[in-house]
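Please read the structure below before turning to the comments.
The first chain written gets the first letter, and so on, giving A, B, C and D; residue counts start at 1 in each chain.
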Amino acid sequence: MSEIKRIGVMTGGGDCPGLNAVIRAVTKTAIMKYGLEVVGIKHGYRGLFLGEKEFVNLTLDNTDQILAEGGTILFSSNKDNLFDYTFEDETGVHHGDYSHVGVENLKKAGIDALVVIGGDGTLTSGRDFSRLGIKVIGVPKTIDNDLAATDTTFGFDTAVAAATDAMDRLKTTARSHSRIICVEAMGRYAGFLALATGIAGAADAILLPEIEFDLDKVAETLKKNRDNGKEWALVVVAEGAKEKGGKVIVSKVVEDSPDPIRLGGVAAYVAEELEKRVGLESRATVLGHVQRGGSPTANDRILSTRYGSAAVELLMEGKFGNMVILKGNEMSYESLENVIGNNKGVEVDGELVKVAKAMGVSFGD
Amino acid sequence: MSEIKRIGVMTGGGDCPGLNAVIRAVTKTAIMKYGLEVVGIKHGYRGLFLGEKEFVNLTLDNTDQILAEGGTILFSSNKDNLFDYTFEDETGVHHGDYSHVGVENLKKAGIDALVVIGGDGTLTSGRDFSRLGIKVIGVPKTIDNDLAATDTTFGFDTAVAAATDAMDRLKTTARSHSRIICVEAMGRYAGFLALATGIAGAADAILLPEIEFDLDKVAETLKKNRDNGKEWALVVVAEGAKEKGGKVIVSKVVEDSPDPIRLGGVAAYVAEELEKRVGLESRATVLGHVQRGGSPTANDRILSTRYGSAAVELLMEGKFGNMVILKGNEMSYESLENVIGNNKGVEVDGELVKVAKAMGVSFGD
Amino acid sequence: MSEIKRIGVMTGGGDCPGLNAVIRAVTKTAIMKYGLEVVGIKHGYRGLFLGEKEFVNLTLDNTDQILAEGGTILFSSNKDNLFDYTFEDETGVHHGDYSHVGVENLKKAGIDALVVIGGDGTLTSGRDFSRLGIKVIGVPKTIDNDLAATDTTFGFDTAVAAATDAMDRLKTTARSHSRIICVEAMGRYAGFLALATGIAGAADAILLPEIEFDLDKVAETLKKNRDNGKEWALVVVAEGAKEKGGKVIVSKVVEDSPDPIRLGGVAAYVAEELEKRVGLESRATVLGHVQRGGSPTANDRILSTRYGSAAVELLMEGKFGNMVILKGNEMSYESLENVIGNNKGVEVDGELVKVAKAMGVSFGD
Amino acid sequence: MSEIKRIGVMTGGGDCPGLNAVIRAVTKTAIMKYGLEVVGIKHGYRGLFLGEKEFVNLTLDNTDQILAEGGTILFSSNKDNLFDYTFEDETGVHHGDYSHVGVENLKKAGIDALVVIGGDGTLTSGRDFSRLGIKVIGVPKTIDNDLAATDTTFGFDTAVAAATDAMDRLKTTARSHSRIICVEAMGRYAGFLALATGIAGAADAILLPEIEFDLDKVAETLKKNRDNGKEWALVVVAEGAKEKGGKVIVSKVVEDSPDPIRLGGVAAYVAEELEKRVGLESRATVLGHVQRGGSPTANDRILSTRYGSAAVELLMEGKFGNMVILKGNEMSYESLENVIGNNKGVEVDGELVKVAKAMGVSFGD
């Protein structure tokens, strides 16, 4: 059967609450159940390229207390792809396919198999190393929860909780001052986070990338509410929300953009337009990185632990080249060959959208 | 089609974060989508017996802001069963089947259908009113998450979050003082809450009602950890955890109990025994009602909203006599006739138990 | 002695956690200790102008549970000054001194004295009504804690706590990605909030309105830290922080501003400049209204309660025309005539600045 | 002037949020401002006795991120007093004055001065080492805030915040079920924590060690509230609260106590008695160690930092044998000779008690 004695773990891409919980579950399961050794590879693929000095032994001791910590103790790196890599040394700048360096470094360190935790880019490289014969298991990481293959990803619950906490705080300001507050939530391509935040935060309107919005329709809802005595509103706007037939809205300051219809983001645009149409003072707040950080919720800690544990089980069952997924309430797996680039968006006619609409929440459509 | 114009809502049994979110979703969906009127019946079946003075109109205005509030704006009552009811008036104490009073009061108030939110007792009466021809939809409420018919109930996530927050706080004390801290979590018959808290709170041992514990085995794990440098421990003990071959442990002060082997609860007993066996100072903490209260998590707000929304949809589809359930990620329903008394416990060989054991967590077996 | 039977309370200006706690303490103390009646005047001076329909009886019942709520149950209004008032009715737009309308409305409602809770503008009007013979007590409200007359104002602790919570979340992102994150905190003229947040949130640099900054100096500190192994940083920037010899930095999008050197705020500017100088990827986050809202901290609830209680005591002692203040640990008072426009800033050589500098925090000077 | 090159730091006694923040401020200030070396002595005086193997270098790197962590990275020990010390080695049990071993270990390690953070016991030994000529600065630690010499101690704010958070959670349960919930807060001899929690948590009654209570009086208040429509109550009971003329109430299970009038603590007793007298169902909750742990509040982080910073400044000014104190808003110092055993209690007629009474809170007197 399996000849795995020593496994490597790495994290890549944007950080996400629960990464440390996955690392911990991988380490503890590998050591306690299978007697393996575990090596943490720092800074993702860049660390794999640099080799030994970026490798650290993971033990029960140095992983036991990281469950509740945000971020990743292994650090991360963005966009490093050894199959198309650029680096600089004393002899100049080099560019090319340096995946063989990664393979050699694994060999030198006696690492028999790799758990790769990351998003699309990271997992694509994981698949490519798998094709080269490396025993790879992927663990998906996306705070946007937009991976088609898996029902829920860790970090999402924490991001929703952080954004909902902000909604609770903003509510009292909105109400005391009879204001519309437009809250920009993460989500350039998928609106799951904005949708969940909107429902949990009692939003009056939710604007998603998946449903082009008409601000007259949103204004109509807010005016009706005002006539019924609610002289304030909370509106959640996903970063990637788009106006019906409108130009692309620039979600951050881009000075040299040829024609940004609005500087300051989509929430600022929506706030300004709603102020004109509804006649209530409006403000925009961009939640930003606050959604990504912090200690994972209890729920995310458990989910991350399940992902990490399942990764080791897949390795020991010899199911290489697969990614751990959650289907319904069950952990399962899917080939890395099938999952890359396979994203999902909020179903325009899905349950949560219908639930919110039935309660009178406007989606601007 | 349906002739429903005016619906009643009530809550019964112990409180649970998310009750208000259900009430809100029922009210908003009924009004905004179906143009119904909604009547809140205060104090559960007692209010139904007392009639009009306990009935309050629920509106968009008085329910909009209750989403984030713990408890229930409709209050609750325990153990009131109109089919076997005792009450006192100026003419003396009366006892008997007073369900007809409830039926009449519904009629008088023009209430065509009833959403009953509660645990086993509350839903049993709901079923019995349904048998009398009342249009009833049940919404399950159990903070223990131990209802066989549904995968997850609202309130559970909040309880786990509160208990995990306590674990995080206790950890620093345990570590600074090289102590074993035994945390008594809710769960007389089912260990879901203790299990989830143990995993999310990084417990070294978890003692559940479903797995009789042997403290020598627990001590063995803690001693091994100590030898590896972890000179402290967190142990989660469900209220209903039982010792292998042991007497029943009394979970609160019962002075006149014939033979309580221990006053002060099972956690106090476990703490004292582990102190003897492991040789580290030990303490017990009983989380108590803190787990039940407080603002629901974002996750529970969404789940509660889905339950409330689904209840109204079932009513409008004429699916009376059913209880809303969650299966996988889908809302569904099941006949009240089938669900009563049908509880589940933690599967001794289920995924979460296996995940925890693989990481070295002791269950005392 | 005093012939006070019935008092009015109002809130004006931007909202601030603790306003409801003040209202509650005023109401409970007035009723329970002195048997007074209490009238809440909604929407500040606008409500005073509109009279009866904006007046609401405050009771033990409707104030008991507001202690933990953010915002103000009496709503607020900005910039309404009856001594220089503009309003519109069916006969057109009117402008002038309408303070007599306020005085008459108080008389009509039988209100003998007024507790006015607000910032500079609100208290200035309070002083002016006092000059007209109204029995007024002021309660200062400034989330910036920049009132010279009083040591600490309520709301400040909650704002610092919210900002510090954000710092904790951002830390894990900064660390995992080797980034500089610049956090823009409230404070256009005074840096108390930024200073406290910087110390409590373990900032590496703190930029205040009171100390003009030199980004080369800040970069020097961050580079030294990086050389010592800390490859990331948190920088707190007050909205009103100014560059040494630099142009004014525009703290929000002002498209038609003649010469905004930077759109997107001072934190965005600082982030971009530090990225260039330090060579670490940088990001900016604007905390915004999240700092103002939410449930007050325990500390602020107590402080607000003391302010409210003291206001009633001053009224009953006949000390009209004064504002409640906190001096050291004691509640005291100061004439409204002396306090208006009397603001303080962070002492450049004060204890907290020195404490932070001694630990290596850069202030850019 | 001072010839201090290398300083030691230690923590003793029960843990308290903010200890790590003090350690961090001591370390950073010593290194960054004065170029000193800093040695952490683990496990308090026991570590001082054991010497080198318990000594760890404290650096910018290993202290930078501990600000937000509860507990103490240096661990603690209770009741270890080298002037009257018992230990066991292979030659048997030894007892006597072993302070000379501590002095020698300091000398061997080249430690010129000592910052001792702890409660009465720890500081008494600190004073005694000072008398032996060691350069000692004390930093007071008491979560009860009952030290006469200083106005406020760190950790207290966090404990109040944790207890208040529990009150907020319990409120919704109490209200939904028309119950009296009695919350046992820390405080055997001083009621500061119970008093602050009671005010911040909107308690209806607060029972303190300093004011003997009469439950008839408490019941009277709760009945009056009930008659006014508030059919539930929160009562805060300090561990050391005493009944007027009553027996001592045992605050935890003491089976072999000769005459414990009540097992289960004072809150359980109060709950049972109030249930009888008021006629509302009652429950008791013991907050326990949850109050001690967890991340310090922003406020406590700042206060701890000030204490730690001031300790180093005193050392460098040669002010040995003193303890850091806070007077009003100023850091200052007081001789260790004067502060030991000098505790304070809540003033029966102090401002906070009067404020609470004026609002109708019962103290049972």
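In the analysis below, contacts are C-beta pairs under 8 Å (C-beta built on N, C-alpha and C of every residue); 3 or more make two chains touch, one makes a residue touch a chain.
All of these numbers come straight from a predicted model, not from anything done at the bench.
Peer 1: Chains touching chain A and chain C alike, please list them.
Peer 2: Shared contacts of chain A and chain C: no chain.
Peer 1: Let me have the rounded angstrom distance from the C-alpha centre of chain A over to the C-alpha centre of chain B, please.
Peer 2: 31
Peer 1: When the centre of a chain is set as the mean of its C-alpha atoms, what distance in Å lies between chain B and chain D?
Peer 2: 35
Peer 1: With centres defined as the mean C-alpha position, give me the chain B-chain C separation in Å.
Peer 2: 41
Peer 1: Considering chain B alone, which of its residues make contact with at least two other chains?
Peer 2: Where chain B meets two or more other chains at a single residue, that happens at 168, 171.
Peer 1: Return all touching chain pairs.
Peer 2: A-B, A-C, B-D, C-D
Peer 1: What does chain B use to touch chain A in their complex?
Peer 2: Going through chain B, the ones touching chain A are 25, 28-29, 32-33, 60-61, 64-65, 67-68, 151, 157, 160-161, 163-164, 168, 171, 196-197, 199-202, 228-230, 295, 297-299, 301-302, 305-306, 309, 312, 328-331, 351-352, 355, 358-360.
Peer 1: Which of the residues in chain B come into contact with chain D in the complex?
Peer 2: 11, 14-15, 17, 19, 69-72, 75-76, 78, 162, 165-166, 168-173, 175-178, 181, 252-253, 255, 263-264, 268, 283, 285-286, 288-290, 292-294
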